[in-house]
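Take a look at the structures below.
In what follows, chain A forms one complex with chain B and a second complex with chain C.
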Partner chain A sequence: MPYLKDEAEIDKYIGEIFRRSFVHPDTEARVKKAGLRMRVDYAEPDTVMMVDMQDLTVVVGSDAEDLEWDVALAMQADDGHKFWLGKLNFTVAMTKGKIRTKGPVAELLKLLPMAKYLFAQYQEILAEDGRDDLLAVQR
Partner chain B sequence: MRAVLLHGVDDVRVVDAPMPEIEEPTDAILRVTHSAICGTDLHCMHGAIPAADSDIVLGHEFAGVVELVGDGVRDIEVGEEYVASMFVGCGTCAGCLRQESRSCMYFGMFGMGPAWGDLQGGQADYVRVPFADRTLIEKPSGVDVTDLLMVSDILSTAWTALTNSNVRPGESVAVVGAGPVGQLMVMCAPLFGASQVISIDLDANRLASAAELGAIAVNAAEVDPRDGVFDVTNNQGADVTVEAVGNAAALETALGVTRMAGRVAQVGTLVDAHMPWTAGEMFLRSISWSPILGEPLLHAEALSKLLAAGRLKPGSVVSHEIGIEDAAHAYELFDSREANKVVLTTE
Partner chain C sequence: MTDTPAQPVDLVDPDSFADGIPYGYFDHLRSDDPVHWHPHPDHDGFWAITRAADVEAISRDTTRFSNYEKGVFLEADTVLPLDFIRQSLLLMDPPQHTRLRRTISRRFTPKTVTNLEPRVRQITNEVIDQVIEQGTCDFSADIAVQLPLAMICELMGVPEADRMQVFEWANKISSFDDPSVRADVDDGLIAFEESYIYVIELAEEKLENPGDDLISLLAQPDTGGDEPLSEIEIANFFQLLSVAGNETTRHTTCHGLQALIDHPDQRRQLRDDPSLVPNAVEEILRWGSVVNYFRRTPMEDVELHGTRMKAGDPVALYYVAANRDPEAFPDPDTFNIQRDFKGNQFAFGGGGPHFCLGATLARMQLRVMFETLVERLPDATNAGPITRLRSNWMHGIEAMPIEFTPGAPSAP
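For the complex of A and B:
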């Protein structure tokens, strides 16, 4: 049973963390400077997320499928959830093959430092929604 | 004698050419029985190789019978069958002693024009072979001449790429391009211990040939080749990838399907192409990239033994045998990919 049960929950929680990154004081400038169009293909549940750091938009679902991207990731939705809880090491996951990457890895790695500012935000989003079940994740 | 002349860009014709003669004591004259058309010949034909686009007798893959030897030739027997290495070298300079053909001060390549030693090619009835003791490789007993012919270039190139990439047992090898060279990579990689060989191309027929040789086929016309490779390598990419097409897009594919800290070998001929990735991206991914020039002379002994033992049957990539008088048509067939590999015969 996956942590996030459907596309709507991926949008509501992981999509939201990216939306907050556009305005968070510690990440806003970094996101805009990166200007990347990042595609993430999630599995179980299956969906596509497009994070456009030029237009500052997040699109989840079939509307995201045909949008152009600069870098692309593919992973289990559970691993996406664990990452935002700070419980998945991105580079180790890449090396182990848990995360598939396409496009310039250098651009992706530049974004990693901002994630640490957002881990607490992700917990906040889940807590605000009363989702203690999603906070209780083992490594 | 008959010779296949590149008269100008996209103009290949069979002409009456003067017979070659012994010029140096170390020369031999070979009566060519079989010669093959290589992808590099097509690059010449299309004007893509500097100084190799006109007035060249083509052909660097050829085999035949020795007709005449110079006074300085010691070990080559008149009347015996040999295949020539595509490269010529003196065998005694520092470069040759380092086993680097390209470093020889007398380096040459048959049929590639003045920038490559200005040697007449072997798509002809006769050809002069410099440094014959070293350049000619004896035909082992029982080996088919078509199999041996592949040692002159494409089999040696495949073997050199896998050797120089240090393919280790258990590793995965991806090959971008399922043409004749790519197919021979598929054939050879298991002998290095590769656990799987993945063949990538846009051409379904060529992929089918690679699959028959044991490759996992990835049709880049139908699927992102990165997904095709990641799907069978636990999302990590291939340990070693060989680019066997010869364009920047294929090189980009090769880089993209290779795992972190993997190795990419460049076999396809590139002239004007830029590296599709930045140095920074290469560094961050710790990708090693190396250009490959096949070394027939370095690997001739091993390959001859593998041919004699029946462990390799490279002649199986040959789809057409055509008389040399129809060479222009043969080039059309190969250029249009209607033919997988063409051998021209003189008898």
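For the complex of A and C:
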């Protein structure tokens, strides 16, 4: 049983991290400076998420499939959930093939300094929705 | 040194380097099989290039031989995934490499290095002060490892309060080389990511509030009209210096002291005439060549000495063999601090665009270190067996117990 049960939960929780990052004072400037169009292909549940840091939009689902991207990632949705809880290191996950990438990886590295702010936001989003079950993930 | 050159040696197996470089086998390859096809367990094999002239020619030929294409190691994703380390200067080809290297060189000048010398001397003495009263220490951990990283922090303007953390990251990252010394491979990767983030943030801060350090300089436009480096490019340069510059200088320092211990007549000459130190440093660099090889990838078929290397074939440039080539260095197996160098030794690479960017800094650090060592630890000798790094690409010394006549600290 995956942590996030369907596409809607991925949108509601992970998509929301980025929506908040567009306006949060700790992350807004970095997101806009990166200006990346990032595609993430999640598996189990299967869906596609497009984060456009130029237009400041997040699209999850079939509408995201044909959108143009600069850099793409693919991972299990469970690993995405663990990453945003701060329990999966990006470099380790990439080295071990848990996160696969296409496009210029350096562009993604630019975003890493804001990850710590986003981890806190993810916890807030889950807590606000009463999802203590999702917060209690073991490594 | 072995005298049985015909005995094949597996250059991929790190254990082949457990007792030191198999110079005898390299002598055989250089003389009889200079473009040697060597099998590899992960792929078909690779070409081993061992003659100084060939190593130099291929190093300079960045049109036909790429660093970017497959990286500089024979095993995929050594140290870090290829996509990660491709952002480093070491893995770029022209024209990207040309622009970035020029931008850095205009700011990281010989004068930058000269200005650091008094501080290098001070730190070297402080490091020796820590052990000199004991009469014994691990030369690798207590002395050799201390200076290079301290200098990189000094150069880049890392705040004093953060330096222990930077040291810890560098130690974890460097243990990539040796599965027997790394506690957990993840620790190294996590340290890489954490230090990367740290430097990006440091660079951003210095963009806002420039100081007189190299990061601030790299982040500013210069009179040459080049764009300044981005935070990512600065972080990559920092990583290159702190991993490549730190480890290589550390191991060269160990090889240098070991060579002087093994050749008391040479050490005596150096003690009697410290003006020989700069040339001795070149000989130490040649003798204790730390990077065994770096890979290149031909972008087209290339014929060398009647052998065709196909486009895409891995080609390993064995600097360690080039440094013992009698055509370039007469009587190469003699350690001679007064050797007459006609050209560069190969510890900084084979020349051309990828010649070590930190060479001036490394030479200065080594010169100050050996000037200080011959003066303050003149009778240092081995107090136990050395422990070599287990690696097929880096000729390193992890532990080197020494003993010496105790002395007084240089400062209160």
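The working rule: the second predicted complex is superposed on the first by the 139 of 139 C-alpha atoms of A that agree within 3 Å, B and C clash if a C-alpha of one lies under 4 Å from a C-alpha of the other, contacts with A are read in each partner's own complex, and residues count from 1 in each chain.
Rule of thumb we're sticking to: contacts are C-beta pairs under 8 Å (C-beta built on N, C-alpha and C of every residue); 3 or more make two chains touch, one makes a residue touch a chain.
Keep in mind the model is a prediction, meaning the values are calculated, not measured.
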Check whether A:Asn89 is in contact with chain B, with chain C, with both or with neither, and answer first, second, both or neither.
second
Under the stated touch criterion, which partner chain does A:Gly35 make contact with: chain B (first), chain C (second), both, or neither?
neither
Quick check on the superposed pair: does A:Lys98 touch chain B, chain C, both, or neither? Answer first, second, both or neither.
first
Tell me the contact category for A:Pro113 with respect to chain B and chain C: first, second, both or neither.
second
State which residues of chain A lie in both footprints, the one left by chain B and the one left by chain C.
94-95, 105-106, 109
Taking the touch rule as given, give the residues of chain A at its contact with chain B in the complex, in rising order.
74, 94-100, 102, 104-106, 109
In the complex, the residues of chain B that touch chain A are 224, 226-227, 230, 233-236, 256, 260, 277-278, 280-281, 284-285
Can you list the chain A residues touching chain C in their complex?
89-92, 94-95, 101, 105-106, 109-110, 112-113, 115
Interfacial residue positions of chain C with respect to chain A in the complex
77, 80-81, 83-84, 86-87, 186, 189-190, 192-193, 196-197, 200-201, 204, 231-232, 235-236
